[in-house]
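I am attaching a structure below and will ask some questions about it afterwards.
Chains here go by letter, A, B, C and D, matching the order in which they are written, and residues are numbered from 1 within each.
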């Protein structure tokens, strides 16, 4: 199991007139969470797209909204990979507020997609290398 | 069962560098879809918030991404209510492209929330009145 | 002089906790305005990019915020071209609310840019053809 | 003169199909820049709104786009206040990329607005206190 935590501060333009982080902006925070998760494994998503030619389109997104996130709160986005990726990868995401209360929880399923062949491929070896130590049996 | 269809054209600023409608922007289209769905029943969401004091926070969001939506495409957002709302309402959403192919499908669960008492309430009578004819047995 | 008017309804997700259309979202409305302005001349921006290989990067943006735009308001975006485009084009934009009061006014300067040669070019002939009748002396 | 620098990384969802940071998203970066600028003076904008009842609506925005900002770039937003605020404040903003090249430059004019009286007021004393040392004659 691999866990990464990233901090994101809620911007004014991301709130809505209810005074909360707009429900549609959580997907953006999930994106930042998973990009930082793989960066800390030594793989930048930019490099994956530009050098390896691999895109990661989102196949599905499920989220539940537990409590509102407020303007200027410094949220913690915890992204977890529980299974070694194959042709797809699942990120389980939990977002906590400054009082460490759960704000939002969800799951994103993404595919690895080769831009040249236009087909699904297995996760890049560099990513798997970074992840394997977290999935070895003790 | 109540069905409403609304058209939304994909804006340039809503695409990402993959050349597709960014996955996080679908939630915004779902919002437009359900707002227009209830407007065509004679209830504006603005009026609900400002005159009736009822907000509709989103409790959960589930979506699957079937094929990409492209810049400038005129999408059709079909919002369906299959069960008469109680203290919550479910919108089932399907988004189709100009070739009438499914782009995205999903479900949003929202609550009716009284701003004054800070408690969940049943759906406003005006909304239920608009919906009942679609749920009567033949 | 060529004038086009387009309607845009303010989305919930585009407001901020002040209860107004977020100042950063006006640029998106300006975009919709100018895209519809050239579409009504028979040129789609999508076609310009994909078939003619011409992009229109923004060089400068100036806007003044006169009064707030509110959730669900149906705004009128009036886009005006006062001078026949050369290698650049200026859109002067005014946004009015439902009471026909000015909400926002501004100016955008864009260039015509050839994706292949990576150089500025003059406006596409098809666009100029559409515009010329509006600039002929009486 | 008071200068503050803040780092912002370009999110995937903030790019457009040109592959650049969408021109409309710079306003969001300007917001983050000025909020962090006043935070480092000991004043949080959240506190200004919620405790002092002072909002800061934007009156005008001017920006020029010098070169594109790319996905995942870690930009530096430099916000400068050159004149001690009165009933308004001007932030001059420059955004630099990782190679320290200017990406965007601009100016935002904001007012101080009392939510209760619904009138313009002078900048809060706490903000002025933080700024004065930067404006004293040597």
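One rule holds for everything that comes next: a contact is a pair of C-beta atoms (placed from the backbone, for glycine too) under 8 Å apart; a residue touches a chain by one contact, two chains touch by 3 or more.
These numbers were taken from a predicted model, which means no experiment stands behind them.
K.L.:
When subunit A touches subunit B, do the two copies use mostly the same residue numbers, with over half shared, or different ones?
P.N.:
Result for this pair: same.
K.L.:
Determine, using the mean of C-alpha atoms as each chain's centre, which chain is farthest from subunit A.
P.N.:
For subunit A, the chain whose C-alpha mean is farthest off is C.
K.L.:
Report the inter-centroid distance (CA atoms only) between subunit A and subunit C in whole Å.
P.N.:
From the centre of subunit A to the centre of subunit C is 35 Å.
K.L.:
Calculate how many whole Å lie between the centre of subunit A and the centre of subunit B, each centre taken as the average of the chain's C-alpha atoms.
P.N.:
25
K.L.:
Taking each chain's centre as its mean C-alpha position, how far apart are subunit A and subunit D in Å?
P.N.:
28
K.L.:
Among the residues of subunit C, pick out those that touch two or more other chains and give their numbers.
P.N.:
Those would be 12-13, 18, 20, 23-25, 27-28, 31, 71.
K.L.:
Flag every residue of subunit B that touches subunit D in the complex, lowest number first.
P.N.:
Within the complex, subunit B touches subunit D at residues 12-13, 15-20, 22-25, 71.
K.L.:
Which positions of subunit A touch subunit B when the two form their complex?
P.N.:
Against subunit B, subunit A makes touches at 18, 20, 23-28, 31, 55, 57-65, 68.
K.L.:
Which residues of subunit B touch subunit C in their complex?
P.N.:
Residues in contact with subunit C: 11-13, 27-28, 31-32, 35, 44-46, 71-72.
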